[in-house]
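Some notes on the structure that comes next.
Letters A, B, C and D mark the chains as written, and numbering starts fresh at 1 in each.
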Amino acid sequence: MDQQTATFEFLCRMGDNTLVLGHRVSEWCGKAPVLEEDIALANVALDLIGQTQMWLGLAAEVEGAGRTADDLAMLRDVWDFRSALLVEQPNGDFGQTLMRQYLFDQWHVAVLTALMESADPRVADIAAKSVKEARYHVERSADLVIRLGDGTEESHGRMQAALDKLWPFFGELFDDDPVDAAMAEAGIAPLPSGLRADVDQEVAAVMAQATLVIPADRFAHRGGKTGIRHSEHLGHMLTQMQWLQRAYPGATW
Amino acid sequence: MDQQTATFEFLCRMGDNTLVLGHRVSEWCGKAPVLEEDIALANVALDLIGQTQMWLGLAAEVEGAGRTADDLAMLRDVWDFRSALLVEQPNGDFGQTLMRQYLFDQWHVAVLTALMESADPRVADIAAKSVKEARYHVERSADLVIRLGDGTEESHGRMQAALDKLWPFFGELFDDDPVDAAMAEAGIAPLPSGLRADVDQEVAAVMAQATLVIPADRFAHRGGKTGIRHSEHLGHMLTQMQWLQRAYPGATW
Amino acid sequence: PAKLAAFQARIDAGEKVEPKDWMPEGYRKTLIRQIGQHAHSEIVGQLPEGNWITRAPTLERKAILLAKVQDEAGHGLYLYGAAETLGVSRDEMTEMLLDGRMKYSSIFNYPTLTWADMGAVGWLVDGAAIMNQVPLQRTSFGPYARAMVRICKEESFHQRQGFDIMMKMAGGTPAQRRMAQNALDRFWFPALMMFGPSDKDSVHSAQSMAWKIKMNTNDELRQKFVDQTVPQAEYLGLTVPDDTLAWNEAKGGYDFAEPDWAEFFDVLKGNGPCNVDRLEARNKAWDDGAWVRDALMAHAEKHANREVAAE
Amino acid sequence: PAKLAAFQARIDAGEKVEPKDWMPEGYRKTLIRQIGQHAHSEIVGQLPEGNWITRAPTLERKAILLAKVQDEAGHGLYLYGAAETLGVSRDEMTEMLLDGRMKYSSIFNYPTLTWADMGAVGWLVDGAAIMNQVPLQRTSFGPYARAMVRICKEESFHQRQGFDIMMKMAGGTPAQRRMAQNALDRFWFPALMMFGPSDKDSVHSAQSMAWKIKMNTNDELRQKFVDQTVPQAEYLGLTVPDDTLAWNEAKGGYDFAEPDWAEFFDVLKGNGPCNVDRLEARNKAWDDGAWVRDALMAHAEKHANREVAAE
């Protein structure tokens, strides 16, 4: 794999994660448990969509094929997406949405922090802009995981169920593959596996406060970030997300 | 409105009703309360899709613009659909699905029976083929409405709620408008309003057996069969239904 | 009665009434109804636009729409806050919305069916809302007037964004143009209804105007809206769906057709195209969220107890 | 032991065992497990294809797919019926499926991600299933053998339909061609797994073969499947995702790579891509449908009582 292809893949991974998670979070619009959460969820979605514009914009630039960030978002089919399986998972109840968010945020801060040192200044720049938002996100999602985990019996049960369900999708974020190896070698991005120990420590601390038990099984589903085998959920999301662009090709909006 | 336009509109109404309801019913695939219902629902959906092919096929022929039944089904946006609001309503629980089906079936048998006498032999022919299926459908849906209405306290409550919810969408099926007037004048189709008395009698008999109370309010929502104002639900359905044709224009399947 | 006269004198003098000031029970009740209804409208108003967030055509449009809906939730917060100063809690008001005792603006009972509706809602619905709200910045109740100042600023931003969508659509492909016209066709009369029936038919108007809770008559505002909007439609190359529309030199404004008030009262009664869907959606959100609200409260209590115990 | 020997003799003579005949407990248990698992596979197997019914590209394709999934439900009915003759009810078996005590074919734990998967499932998955099922038409247990006769006829029809989709895709636009190859890439090894691990690693095989519950070894069937399928892939112009694939003149069949058996056991343990989703979907259907089943029963009882009372 040449450097350009690897960089394009890497940038799509970053941008597709924020795109897909941003979309999922935006599905909550008007349906949150309290008004403050409606606002907070919209805020997270907004940040993620903004980051998507930067990552996919750079991806399109690196590709050099005349595509735009919107083209990448709106005109690729499911197999060309590089989002991790975690972010594709459906919202479920508010607890599941939050747990997904927390696990993502904790990884996200770690990777963005490392990317601020990227040898590619464009990557470093996007990371620097994004990391502030991500830090705020993880602060909020960790806090809520703790409060709901250590809330009522029902909320505890729901949060533990959410953790159990989502845990098998966490490992993929730390998988290394040839794209990651190429990025690491070029100094553009860290090896994902190298982030795990620190992130695990953070997660352990939060779950302890939340009185939640991290599953012992380290089994991890794979296939999202490589695009080899997404979940069935992603395709359904794309039918919505891409509808207008597909139905009215060539229009300006 | 010239005769050709009116006929095209009328045929789209017939075909869009079966298309949209067939789609809704097909959403149940693999999720019915008992295996026999999985089979029965698939059967109803199949019949409706088959009827759609005939109605929209004839509509395309009448239009004479080189479109096919598939083009009409897969490439019109929501405003060009002529389905009644009733069939666009979401499945809800099994009771709501069944109640929607029963109300539709009872109207459907009446209109198809009348259409067997159509001055247009192509219309009479489709009606003759469809009415056998529709009679079977109404037999089944009426029977289930009765059994669930007069079942447990819970089932009774659910069926009454379904009737209350769907009743305001029933009246639209019997609305007359200029298209209907043109069809009636040409002897192609009966005036919808003329079907109501008989259908009401049937519905009253079934609901009595089902121990369900028909709402007194005759208010009826409008806007589906004219296409003026569909429900928000239809657009979401189309994102799925039309996805592949929109995403891969010009492909053969 | 002396108190009443003094109160009216303060209002006539342009003073602001503040929450701890004495006020007539009718003033309080009318305000609670009006501010509450306004707050509920912001909340329910998230739904028709939320309906298109997942289908926005570009990342930028998605972001703009998200930000707009977020603003609406924010407006809801300000307004509930203003109403709370009158002695009614947000949860109480929410319960009244959910069981139908309190209303929200009927406009949100109309469906959003195409992307052009996002333009039409911004242009016409926010346009009409601003027309209603700008004068309320001078309303007699302090917290309400101050909330309105913040809200109006954002609403006029939203209106411009809506108009921008309409411009893109009206100047786009034939299909987009058709979409834009279709949206105007569906939203024109419902937008006119937003000002309420003619004041001659309105019960509470005179008292509300004396109290400066209501600043203009419904008909004045409707006329102003039409006069402002018709040239915009012309600019867009779209046709207002009213054959009787004509410039009246004598009155210096347009003559126009009244909306179908029977439809208005039908929608108010609960028979709008989306009344059931909207209330179902809000009720579901509230019911599904109960465990979260309970848990947050339980956690806060535990936490407080632990701190006390640790002292 | 005399009974056992007589039983074995009947089987060896090619006689059919019928439900009321004496049979060893192990025979009954093995059959219940096998037929039940097969029935469950038909039921769960509705889901991956059901996933595309709402997105089928043409009315005809939608109808064909619906009919196919309907057939699967029908197969489920026959098979539950056959199992019930062994003294276990459909509801009991369903409960065992839902709480994980009974399995279904692991292949249905793989997702269907593009329309080409509808082709690949028909071509490869139904193809492998038929390979397994055709010999079972001669199985020793009468009701099972008879169910298999009906099922095999429909399955081979399904397989042809799947191949027809693949032909359309492989001969279509570049994107369709890519979709077809992608589907083959994802389904090839899971299809090979459908025959189970090599018989040397399989515990129950010898006894099952003696009882004619199992008619061929897993490896025999897998070889047969590969030999049949590779030329079809070539005909389609698609590449089987196995670099080691080569014709072996000596054995008169292909040499091919083993699937990743670690993955197979992972999926069996519940760690397949869709195990959780599939069981959730089935559990939800069952739970959501409880009130319907209860009501139908209650109605039947009332009705029966009324008839008695009326006599």
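What we mean here is this: contacts are C-beta pairs under 8 Å (C-beta built on N, C-alpha and C of every residue); 3 or more make two chains touch, one makes a residue touch a chain.
Chain-to-protein mapping (UniProt): A, B = 1,2-phenylacetyl-CoA epoxidase, subunit C.
The shown structure was predicted, so the numbers you read here are calculated from the model rather than taken from an experiment.
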| item | value |
| --- | --- |
| Touching both chain A and chain C (chains) | B |
| Which of A-D and B-D has more C-beta contact pairs | B-D |
| Euclidean distance of C-alpha centroids - chain A vs chain D, Å | 36 |
| Centroid spacing, where centroids are CA-atom means, of chain A and chain B in whole angstrom | 42 |
| Whole-Å gap separating chain C and chain D, where each centre is the average of the chain's CA atoms | 57 |
| Overlap residues in chain B, where contacts from two or more other chains coincide | 77, 239-240, 243 |
| Junction residues of chain D, two or more chains touched | 55, 175 |
| Chain-level touch network, classified as line, ring, star, complete or other | other |
| Full enumeration of touching chain pairs | A-B, A-C, A-D, B-C, B-D |
| Touching residues (chain side chain A, partner chain B) in the complex | 77, 236, 239-240, 242-243, 246-247, 249 |
| Touching residues on chain A, where the partner in the complex is chain D | 77-79, 165, 168, 219, 221, 223, 228-232, 234-235, 239 |
| Residue numbers on chain C that touch chain A, as the complex places them | 43, 46-47, 50, 53-63, 66-67, 69-70, 73-74, 76-77, 80, 90, 115, 165, 168, 172-173, 175-176, 281-282, 284-286, 288-296, 298-300, 302 |
| Residues of chain A that touch chain C when the two form their complex | 19, 23, 26-27, 29-39, 42-43, 45-46, 49-50, 52-53, 56, 69-70, 73-74, 93-95, 146-148, 150-152, 154-155, 158, 240-241, 243-245, 248, 250-253 |
| In the complex, chain C residues that touch chain B | 48, 51, 55, 110-114, 175, 179, 182, 186, 266, 271, 273-274, 276-277 |
